[in-house]
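Next come two complexes, and both contain subunit A; in the first it sits with subunit B, in the second with subunit C.
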Partner chain A sequence: MSLISEIDFGTPVSDAETTVTVTIDGFAVTVPEGTSIMRAAMEAGIQVPKLCATDSVNAFGSCRLCLVEIEGRAGTPASCTTPAGDGMVVKTQTGRLKKLRRDVMELYISDHPLDCLTCAANGDCELQDMAGAVGLREVRYGQEGANHFDAAKDQSNPYFTFDPAKCIVCSRCVRACEEVQGTFALTIDGRGFASHVAAGMDEPFLASECVSCGACVQACPTATLIEKSVIEIGQPEHSVVTTCAYCGVGCSFKAEMRGEEVVRMVPYKDGAANHGHSCVKGRFAWGYTNHRDRILKPMIRERISDPWREVSWDEAVGRVASEFKRIQATRGRSSIGAITSSRCTNEETYLVQKLVRAVFGNNNTDTCARVCHSPTGYGLSKTFGTSAGTQNFDSVDDADVILVIGANPTDAHPVFASRMKKRLREGAKLIVIDPRRTDLVRSAHIKADYHLPLLPGTNVAMLNALAHVVVTEGLVNEKFVRDQCDGDAFADWAAFVARPENSPEAASHFTGVPAETIRAAARLYATGGNAAIYYGLGVTEHSQGTTTVMAIANLAMATGNIGREGVGVNPLRGQNNVQGACDMGSFPHELPGYRHISDEIVRGLFEKDWGVHLDAEPGLRIPNMLDAALDGSFQGLYVQGEDIVQSDPDSKHVIAGLQAMECVVVQDLFLNETSNYAHVFLPGSTFLEKDGTFTNAERRINRVRKVMAPKGGMADWEITLAIAKAMGVPMHYSHPSEIMDEIARLTPSFSGVNYAKLDALGSVQWPCNDAAPEGTPTMHIGKFVRGKGNFLITEFVPTDEKIGPRFPLLLTTGRILSQYNVGAQTRRTGNATWHGEDLLEIHPHDAEERGLHDGSWVRLESRSGATSLRAHITDRVAPGIVYTTFHHPDTQANVVTSDYSDWATNCPEYKVTAVQVAPSNGPTAWQTEYQAHSHESRRIAHPAPLPAAE
Partner chain B sequence: MSPEKLVYMANQIGRFFAHQPEEKAVANTADHLVKFWDPRMRKAILGYVDAGGQGLQPLVLKAVLTLKLNVDSVQARTI
Partner chain C sequence: MPDFETWNEQRGGEIIAAHVQEEGAALPMLHALQEAFGYIPRAAVPMVASALNVSRAEVHGIVSFYHDFREAPPGAHVLKLCRAEACQSMGGDAIAAAAIRQLQIGWAETTPDGQITLEPVFCLGLCACAPAAMLDGKVVGRLDSTRLSTLLENVRQA
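Moving on, here comes the complex of A and B:
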């Protein structure tokens, strides 16, 4: 292993199809037209000295170090801003150039501290490298003149420092913030000698609008912007490419290591999902992996009121096996089950569902996709024929119109959002359908052409109205529909959406959005060129979540926006491997590859391979498991890497279900809310401690690579194997690659996937098989997977969760940039600096009516329960709507959410809860009692120390 | 499992297919119940129908009744 050092070509790649040939230092180089001389030289292996250039941002031409001479041209142009021309003859090293560069470097160094030996960037400093490259031997100006050595260091950000004394004002950080991240938080303030990098209004980084994505730190050529972890630990000595374990973007990172200690996570330039960019979570929020709260020893207890007792792995696994077998012996084969984790790898998820089907002998396996994207799977399979998005992330570069519905990508999928914003700055049009004024609606250099702030729960009415305009105004792509869709289904659907009750005028009554705005948005979507739809949980987490997904698919098909780059239907997946968890057969009704368990031929394949008989009946979904626990027919649950007490709706119901079970086994990194009701705790491993794969929102299978030994002694996949063995059905794998080989053997869409290929190609998007050996970036080209695209009738059915005098406001829940899901990881990092508690967003009008002040405690109450939290008064939400997150167990926001769920999948209706908000003095009695119980539940009894020897 | 909850869920499913001709709507509703409901849930709702089936929409009631054969066959397999 060594430290991976990617080549910096200095300027971005040109995507021109025509080429030019240039001779550089005697070597002919052929490059796409528009390529800079600097990049062309690097393509030939010739490194032109540079400071202000890096290939993640456009050329700037300020440092004057990359000068070259061009035959037939006067002067010494900058190679970064000069395009290579056909027939051009370039010299990068002449006597004149050497002198110029040395002079330039002298000036830089005359105002740069000479503390290289104690500088954190020692060994990784481009200024140092360039001083060496140009042969700097003296600084004639000395260091006694005016300088910036005493400029104050900004240490406000939890993860990096800004030391202006070391800044060479190359603007790489400013440009990275603009071009890569799209936040525009940085600028060069002042002129001449006073020029300096300023965050926000020349304020500390933490106080500015900086989102801490790390792009500036990565771009900085000196120690001006540098990770605090590097300052503390020193430079890394080796690195391993792996995949982030946060959101569904699935960014590739280099884990840069010193021994078994992570020094920093650096986004990997060749990562096909992120192309070298990152967000605050993946880049910096990995401190949880060695947090003191990690549980590293297995624990058991007889009753949930007992303290935990640390035991050996054998004893813990033995307890799981004996309890599960006892329960099955007394309650029947179907009385136990498991929840797979979307945070774990494909291989681990596959093993858990295999454990359930092959060892437990039933199909009681479910996953957290139940509460997020299960409607996506159902809706897209019925319309297109496959349960996944249609595009890769790069596709957004070709979109002319972007429709974002029920998604907040700048917070929940930030790296993709940066990509999307870049395309918007290039001129793509934007339609946002969301009750809140998300950052995409209006932020630096971004303004939605149409924001449709609909009332929560009216997505279907809105989409039907958009379709109404498409059909009644003659905007259907008739050729696409005729060639690729089911004609009868289309005719039925077109007649349905054309009805007056689906008109924008009728929809405006439900949605609250003016009909003309709906009409204008529909016209833009249908006629603006390549139109791409991106959606999130604001679509799926409704009683009509599946219907909404179908309505999205209908709209895309009717306008022909499927089957090429720049278009498509793109579900933005929540957790890192939620796509993979679904692919791997985590749902109770289907085997890996989305094949129903009742299919005898498919079941036969698995039975033959696994050597067992499989139950042909679907098993219980998570909410059904909890219901069945209360009636006594479900008594044992193995939960791998989920915290259903905090994440699932109607917390009191979840808790009641868990309390009714005889054996709850939680496998996780930390004691969590669910483990408060568990009898066995098995210490899980982080993504840094195991091998495997994650599949991101674009169906991309990325490698997860182990960089350290599992701190608890076993990787998660090994724990599942141990349980299977203890239950008498051993499974034999010596490495996760063998599990992937089995997945490929049994799953047609994965048949071409293996670790050797992933190592060679970096990643592949499924389907990956004989027909597409290197994967499938865009699906449904020329033909839908199901054959003909299927239009479905999507009647709008208003939710039964109604507002009224007692509960006059609508609560909708969501996520924030710095926190992730239940916060188990991010709360244990510096990210808590930005978001230390859940807040209730409420409109000034609603706040005034209730006598609320910004920051004051409020009681949030629904028909399900009540919690208290602090108010944040903002017009980001409309009057009548309130919003909060669910990242903190102290709030337990899901004690408020209802039991209503999607008709097809039981995905909970998190996004619509009727509530009342009132002033409060602090936490509710339930919160106080819950916290006391939680504290009690986490006691660990340590054996008394042996008496000292006399 | 609470019969009220099962009835509510079954009616939700039926509502999606309600625009279809009755025979097709009944078949699709029944198919959804067979493909996505655990046998004990189907058994419970059948028991509820045997006790009167209050609250089930007519097409859903018909769909549930078609489950009878399926539940019998499951029991035969699992006994």
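Moving on, here comes the complex of A and C:
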């Protein structure tokens, strides 16, 4: 293993189709037109010295180090800003250039500290490298003149420092913040000798608009912007390419290591999902992996009121097996089940559902996708024939109109949001359908052409109204519909949406959005060129979640926006492997590859391979498991890497269900809210501690590579194997690649996937099979997977969750950039700096009516329960709507959410709850009681040390 | 003499709104703010940023780039002395030295009584009448140290 060093071509790639041939230092190089001389040279392996150029940002031409001579042209142009021309003859090294470069370097070094030996960037400093490259031997100007050596270091950001004394003002950070991240948080303050990089209005980085994505640190050629971890540990000695374990974007990172210690996570340029960009979570928030709260030894306890007792793996796994067998012996085969994790790998998820089906002998397996994107799977399979998004992320570069509904990518999918914002800055049009004024609606250089701030719970009315305009104003893409869709289904649907009750005028009554705005947005979507829909949990987490997904699919089909680059229906999946968890057969009714358990042929395939008999009846979903626990028929649960007490709706009901069970087994990194009700705790492993694959929102299968031994002794897949073995049905795999081979053998859409191919290609997007050996970036080209695209009737049914005198406000929930999901990981990192607690956003009007001030404690109450948190007064939310996040267990926002759920998939209605907000002076009785139990439940009784002789 | 208003958010908002529709509105907006308040109040920067839908870093970059934009209120009167080549060749250095001596302040500083701010400027386009200056927005040509003293006395007494 060595340190992977990626080539910096100096300027971005040109996508021109015509080529030019240029001769550089005697070598002919053919490159796309528009390629800089610098890049063309690097393509030929000739490195022109440079400081202000890097291939993530456009050429700038300020450092004057990359000067070259071109035959027949006067002067010494900068190779970064001069495009290679056909027939050009370029020299990158001449006596004249050498002298110029040395002179330039002398000036730079006359104002740069000479502390290389003690500098954190020693060994990874481009200034140092360039001094060597140009042969700098003296600095005639000395260092005594005016300089910036006394400039104060900014250490406000938890993860990196900014040391202006070392800055060469190349502007790479400023340009990366603008061009790559799109936040525009940095600038050059002043001019001439006084020029310096400044965050915001020359504020500390933490106080500025900086979102800590790390693009500036990545771009910095010196130690000016550098990770605190590098300052503390030193330069890494080897690196391994792996995949981030946070959101569904699935960014590729290099884990840069010293032995088993992570020095830093660096976004990988060849990562097809992120192309070298990152966000604050993946780039910096990995400190949880060695947080002191991690549980590294298996533990058991008799009752949930007992303290935990550390035991051996054998004893813990033995307890799981004996309890599960005892429960099944007394209560029947169906009395136990498991929940797979969308944070674990495909291979691990596959094993858990196999454990349930092949060892438990039932189909009681479910996954957290139940509470997020289950409607996506169902809705898209019924319309298109595949339970996944239709595009890759790169597709957004070809979109002319982007419709974002119920998604807040700048917070929840930040790396993709940067891509989208780049496209928007290039001129693509934007429609945002969201109750909140998210950053996409308006932020630096981004402005939605139409924001439709609908009332929560009225998505279907809105989409039907958009479709009404398309159908009644003659905007249907008739050729597409005729060639690729089911004609009868279309005719029925067109007649349905054309009805007056689906008109924008009627919809405005439910949605609160003026009919004219709806009409204008529909016209733009239907006629603006390539139109792409991106959506998130604001679509799925409703009582009509599935209907909304279908309505989105209908709209895309009617306008022909499917089956090519730049269009499509794109669910932004929440967790790192929620797509994979669904693909792997985590749902009670489906075997891997979305094939129904009742299908005899498919079942036969698995029965033959696994050598067992499979139950043909679908098993229990999570809510059904909890209900069954209360009636006594479901008594044992194996939860891998999911915290249902915090993440699932109506926490009190979840807790009651868990309390009614005889054996709850939690496998996780930390004691979490669910483990407060568990009898066995099995220490899980982080993504750094195991091999496997994650599948992102683009169906992209990315490799996860082990960089250290599992801290608890076993990787998650090994734990599942141990349980199977202890229950008397051993499974034999020596490496996760063998599990993938089995998945490929049994799942047509994965048949071409194997680790050798993933290592060779970097990643593939399923379907990956004989028809598409390198995977499928864009789906449904020319023909839908199901044959003909299917239009479905999507009648708007208002939710039963209604406001009234007691609960006059609508609560909707969401995410914040620095935190992830239940916060178990991010709360244990420096990210807590940005978001230490959940806040309730409330409009100034509603706040004033209740006598609330910014920061006041408020009681948030619904029909289900009450909690207290602090208020944040903002007009991001409309009057009548309040908003919060659910990242903190102290708040327990899900005590408040209702148990209403999607009609088809049981996905909870997190996005709409009728609530009242009132001033408060502290936590509710529930919070106090819960905290007391939670505290009790974290006690670990350590056994007395064994005598030395043993 | 310029009678600057004290900063108030509402008035700042009105000035910003008056220019927001212009093409390349940032500079006209900042000039108008400085004309009203004598400087670009720090609190106005995020307002300009929001009106133009850019970041406050970008607006700060503009404000700090141009020497003419002040980040603190000036004195009651502003004397700008040309420091460019033509004026230097016509004795500008001596006048600058005289001004510094007489006012006992440095460049971009204000006298302790708050009366006069001294600023350098690079070319007023008045080279034919060098050395040149600008006092409270009015240009003055063919300056010498006596005339400078008189000018300063006059504004002080006004």
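The criterion applied here is as follows: the second predicted complex is superposed on the first by the 943 of 950 C-alpha atoms of A that agree within 3 Å, B and C clash if a C-alpha of one lies under 4 Å from a C-alpha of the other, contacts with A are read in each partner's own complex, and residues count from 1 in each chain.
Assume a residue touches a chain if its C-beta (ideal position, glycine included) is under 8 Å from a C-beta of that chain, and two chains touch if they have at least 3 such contacts.
Keep in mind it's a predicted model, so treat the numbers as computed, not measured.
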Touching A:189, do we find subunit B (first), subunit C (second), both, or neither? second
Please indicate which partner A:656 is in contact with in the superposed arrangement: first for subunit B, second for subunit C, both, or neither. neither
The answer to whether subunit B or subunit C touches more of subunit A is B
Quick check on the superposed pair: does A:547 touch subunit B, subunit C, both, or neither? Answer first, second, both or neither. first
Give one of first, second, both or neither to describe whether A:198 is in contact with subunit B, with subunit C, with both, or with none. second
Contact-wise, after the overlay, does A:618 reach subunit B, subunit C, both or neither (first, second, both, neither)? first
Which holds for A:444: it touches subunit B only (first), subunit C only (second), both, or neither? second
First (subunit B), second (subunit C), both or neither: which does A:596 touch? first
Thinking of the overlay built on chain A, is A:588 touched by subunit B (first), by subunit C (second), by both, or by neither? first
Note: overlapping subunit A surface for subunit B and subunit C spans none
Under the stated contact criterion, what part of subunit B meets subunit A in this complex? 1-2, 5, 9, 12-13, 15-16, 18-20, 32, 34-41, 74, 77-78
Subunit C-touching residues of subunit A, taken from the complex the two chains share: 183-191, 198-202, 208-209, 442-447
Given the complex with subunit B, which residues does subunit A contribute to the contact? 333-334, 364, 496, 543, 547, 588-589, 596, 598, 616-621, 624, 627-628, 630-631, 633, 793, 795, 797, 899, 901, 903-906
Listed in rising order, subunit C residues that touch subunit A in their complex are 42, 45-46, 49, 53-61, 64-65, 67
